[in-house]
Amino acid sequence: MPVRVGLGWCVMLLLGAGPVAAGDALHQEDIIGKVKRLPSAPAPHWIWVNDAALSSMPDGRAMLVDGDTGTVLGMLGTGYSFAALTHALVPRGEFYSAETYYSRHTRGARTDIVTIRDAETLAVRAEVPLPPKRASTIPRLNDAAITDDGRFMAVFNLTPATSLSIVDVEARRFVGEIGIPGCSLVFPAGPRALFSLCFNGEALVTELRDDGALARQYRVEKIFDAEGDFIADNGARHGDAWLFPSLDGNLYTLDFSSGVLKALPPWPLLAPEEVRAGWRMSGFQGVAAHDRRHELYFLVHQGTPDTYKDFGTEVWVYELAHRTAVRRIALRHPAVSIAVSADDDPMLGAVSMDTAELHLYGAVTGRHLRTVAEVGVTSTLLQFPWRDTPEKTSPER
Amino acid sequence: MNRFDRWFAHASRHVARHTSRRSFLTLLGASLAGVSGFPVLPVARAAEQRGSAAADPVQDPNHCEYWRNCGMDGFLCGCCGGSSTSCPPGTEMAKTTWIGTCRDPSDGRDYIIAYNDCCGMSTCNRCMCGRHEGDRPIYYPAKSNNVNWCASASTNVYHCTTTLLLGLSEPEPP
Amino acid sequence: MPVRVGLGWCVMLLLGAGPVAAGDALHQEDIIGKVKRLPSAPAPHWIWVNDAALSSMPDGRAMLVDGDTGTVLGMLGTGYSFAALTHALVPRGEFYSAETYYSRHTRGARTDIVTIRDAETLAVRAEVPLPPKRASTIPRLNDAAITDDGRFMAVFNLTPATSLSIVDVEARRFVGEIGIPGCSLVFPAGPRALFSLCFNGEALVTELRDDGALARQYRVEKIFDAEGDFIADNGARHGDAWLFPSLDGNLYTLDFSSGVLKALPPWPLLAPEEVRAGWRMSGFQGVAAHDRRHELYFLVHQGTPDTYKDFGTEVWVYELAHRTAVRRIALRHPAVSIAVSADDDPMLGAVSMDTAELHLYGAVTGRHLRTVAEVGVTSTLLQFPWRDTPEKTSPER
Amino acid sequence: MNRFDRWFAHASRHVARHTSRRSFLTLLGASLAGVSGFPVLPVARAAEQRGSAAADPVQDPNHCEYWRNCGMDGFLCGCCGGSSTSCPPGTEMAKTTWIGTCRDPSDGRDYIIAYNDCCGMSTCNRCMCGRHEGDRPIYYPAKSNNVNWCASASTNVYHCTTTLLLGLSEPEPP
């Protein structure tokens, strides 16, 4: 049949053009304008790669990868100084991102928003304006967080005064700002509670009322020594606790299973000879946990104390109930961040910022499964967001 | 139809039958993948890996050697969350496009392929593919790979490119 | 003396803090808040490196380099799909850039503007809104142009219908849009005249009235064969003419010294054996001219016709009056674009998109002077804008 | 002055005397320059070339080894159109900053250095310099190089960093 060539120097193709007979089944005329949707049921090995694009910071990105196939499922544009996506533990077919935009990309009027995207179409469902105070950091997962009931998102602000912007994601409404003087970042700690870490070794808990306003704040004192064995600014959620490794290789637990945040005594992840050999925590997100397996994954490398954020070369795995190291996984390439999927056949992801590669391993077998190349400009953080509803397990002690 | 419209209509038909389109971003791909081996934006390595996906790369839509890619420009949408005939989630398919004529070696016939760009998201930066026949300078947009075809979408932000089959390049015998 | 440490967890430093006695002259207290200005008299070897940042297109940039020292003098942020700066031949202490921005960097509302920047502070003096139709191309210097009298800037639009947006840069005002059907790009050709190149081998001249409105348009027919020996879409300005190399290595001259654009007979730049050896035009901006020396610089490489935009490996220099090749300059690294300064000790610049290096050569000696590294993300085009007022030389024929 | 203000004031003084600041972008620099030798954004090579500018890099403000850079983070403004004590044209100097204490080997004395960022333009991407002593996590902003100090400027777009001398780190003898 004749070619449908329109007038004008380019071929104007109407959406929904009629069927064609171009011979056989392999050569059917294609429909113009098709756009893919994601399956409504995400698989447990779907993993987000967050990319701050540090050499071109207005061009933040995130990329969704199917870890089982290495296929890229979709991407997002996430603006200036992007950190990470925020996923509610209670799924609502959408996810959240605190984003900053400038009217002239690197100058002009600043707009901070929480963008709410549809989990199937990746389209923007809504934008919630924020005060233009969002912290710009080398990305951390906990630059923002959502309460365990999925209702309120908290965005870490630094102007350099520190505070949290609270957003009611259900009502698509900015609720208000709550100061967190001396403290930074934000970790979910229950249905309506969040905590931040403080420069003086404390944690500050912020509890919200049902309308998102401040219910109360309290401090947990003397958790760690910021001038000594300080903890990482990134931790692993494990049931109703957060686990933080420290400079000297100890594990600090902040438990909120009782409804009140408390610090449990730290215990060593490293044997004395490992400490002497310089094994140390690593990267921007250097720990992950698997709830049902009660396992901690710890990204390590060998280096002086000042290298505590350098890329990690191995992942050491611990059984938390018995505080035993159970296996080591040597990485194909040094990684800046790791993540572990929540299912019973868990996958370990490790992202290399220098090569823009995502390396995927069997978390139990330690076997390298595949490498996904071209996952960003300067990819920084990983997220397997489709975890199960958190079990009410008590943390190990 | 004034003289310019006639010229352009002629050009489109001519183009469809006799040329293919070279990559909008070919030199970008070359520059990013070329000299330093494996730079920040690694375009070369992924292509290698994908080589094993199909026994014959000429029939593998995510491979630059895929027959429909004879006039491909830019990033293959199948590597970006879409497919060779659909755009990734959250993007929009451009309505105007460059078209090329590609021969499928499996039947030896020539087909018209439209290289519709997917728009509205920053460059995919995966699976760069540039083929080089018949390109013309920018003053000849219908034949130029250095024009961003997202000009016809609701935003002109280029993300990746599909390969849609429009039909045989010549009428079927009666 | 005591340290001036303010309260709060960061040190608040007031601008204009008082003098200090920190001992000797080498250790005087510095003034806080200083921002450099450029000298008001630019040097002839100052060169702009334009960077479309093709892997992160919202982050377009331009970088000003002092070619004599290799020092970077300043940078600009120039938005999505940046092409090049537009410099008036009549200097006004400012320069122009057609730019595109999105409210969400890669989505949202589109804003096209001409940005007018101060040549000493690099600050934005004014923005002139444009219809959001600016062409997005792999950058070419002639995606925009300014009339030789410095009054009207023309921005090439492609929607994909082609037109020019006319801006009165003196009045900071968008004047109107003029269709250039079948034609693209825009080259200055006199005080109030511009021309565009057309897919059918013609040129379309657009003449403006004193108010910037269309005075008349006319076509120059059968200049070249777009299906045969087509010319490049980038040329070299030489006096009152533009010089374009062609696929087969001929030089086409479009002369407007009479006030009317006309095509002069092309002449060969390559000897038959050079054609047979595959020497060919190259890059995104592959020609430059030096007015007073009557020289053409031609970026070449060896390759098939389809490689006509590939990086060039050598620059061949021609004396235009006698149409003789006078020297060859082998480049240190293949280049995507070249430029030649307008002074009597001319400098040749060649930019390598793959290594983000600017290579500088003595244009007469051919000697490599220096390499400036880190000149962008994917640097594409060069400009030595501080040329002399164009001489009224007739082109060679 | 409440307890937090006191803590912070203490922290600032402590920091000024006892630590230096590690680069905000150190790992970026490492990643960009490290593996592929000379990628799209080449940070390593330029530093080499500048090595020859001064006989002693410890006294060369555009060299990472410059004594005032003991707590440097990010891109040296002297490579971006500014200098070690002034911002490039078109940018704005941040008013708040991290401070470090650096020893000038020429007189053996310790000076307080403020690392004021220049803001309002995309990353300079030239002369990456990161030094590693005394860095703390983000929850300790006054000691953390992973915080963008342009937070205090009129836009928080980070471009490059200066090294301003504020004075001796200890009172002069009477």
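A, B, C and D label the chains in the order they appear, each numbered from 1.
What we mean here is this: a residue touches a chain if its C-beta (ideal position, glycine included) is under 8 Å from a C-beta of that chain, and two chains touch if they have at least 3 such contacts.
All figures in this text were calculated on a predicted structure; none of them were measured in a lab.
Undergrad: Consider the two chain pairs A-B and B-C; indicate the one with the greater count of contacting C-beta pairs.
TA: Most contacts of the two pairs: A-B.
Undergrad: Quick check for the class: compute each chain's Cα centroid; which one is farthest from the centroid of chain C?
TA: A
Undergrad: Averaged over CA atoms, how far is the centre of chain B from the centre of chain D? Could you give it in whole Å?
TA: So the centroids are 45 Å from each other.
Undergrad: Taking the mean of the CA coordinates per chain, how far is chain A from chain D in Å?
TA: Measuring from centre to centre gives 28 Å for this pair.
Undergrad: In whole angstrom, how far does the Cα centroid of chain A sit from the Cα centroid of chain B?
TA: Each chain's C-alpha centroid was found; their separation is 34 Å.
Undergrad: What are the residues of chain C that contact at least two other chains?
TA: 9-10, 55-59, 77, 80, 102, 105-108, 160, 182, 199, 355, 377-378
Undergrad: Quick one: which residues in chain D touch 2 or more of the other chains?
TA: Within chain D, residues 7-8, 11, 31-32, 35-36, 38, 40-41, 96, 121-122, 125, 141-142, 152 contact more than one other chain.
Undergrad: If you look only at chain D, which of its residues touch chain C in the complex?
TA: Per the stated touch rule, the residues are 1, 5, 7-9, 11-13, 16, 38, 40-43, 45-46, 49, 79-83, 85-93, 95-99, 104, 106-107, 109, 111-112, 114, 116, 118, 121-122, 124-127, 141-142, 152, 159, 164-169, 171-172.
Undergrad: Show which residues of chain B lie in contact with chain C when the two form their complex.
TA: 4, 7-8, 11, 22, 24-28, 30-32, 34-36, 40-41, 96, 120-123, 125, 132-144, 146-152, 155-158
Undergrad: Where on chain C does chain B make contact in their complex?
TA: Spelled out, the residues of chain C in touch with chain B are 54-58, 80-81, 100, 102, 105-108, 110, 135-138, 140, 158-160, 162, 181-185, 196-200, 226, 230-233, 284, 306-311, 336, 353-355, 378.
Undergrad: Touching chain D in the complex: which residues of chain C?
TA: 1-15, 20-24, 26-38, 55, 59, 61, 64, 72-77, 117, 120-123, 355-357, 371, 373-374, 376-378
Undergrad: What does chain C use to touch chain A in their complex?
TA: 9-10, 53, 55-59, 77, 79-80, 99, 101-108, 111, 124, 160, 182, 199, 377
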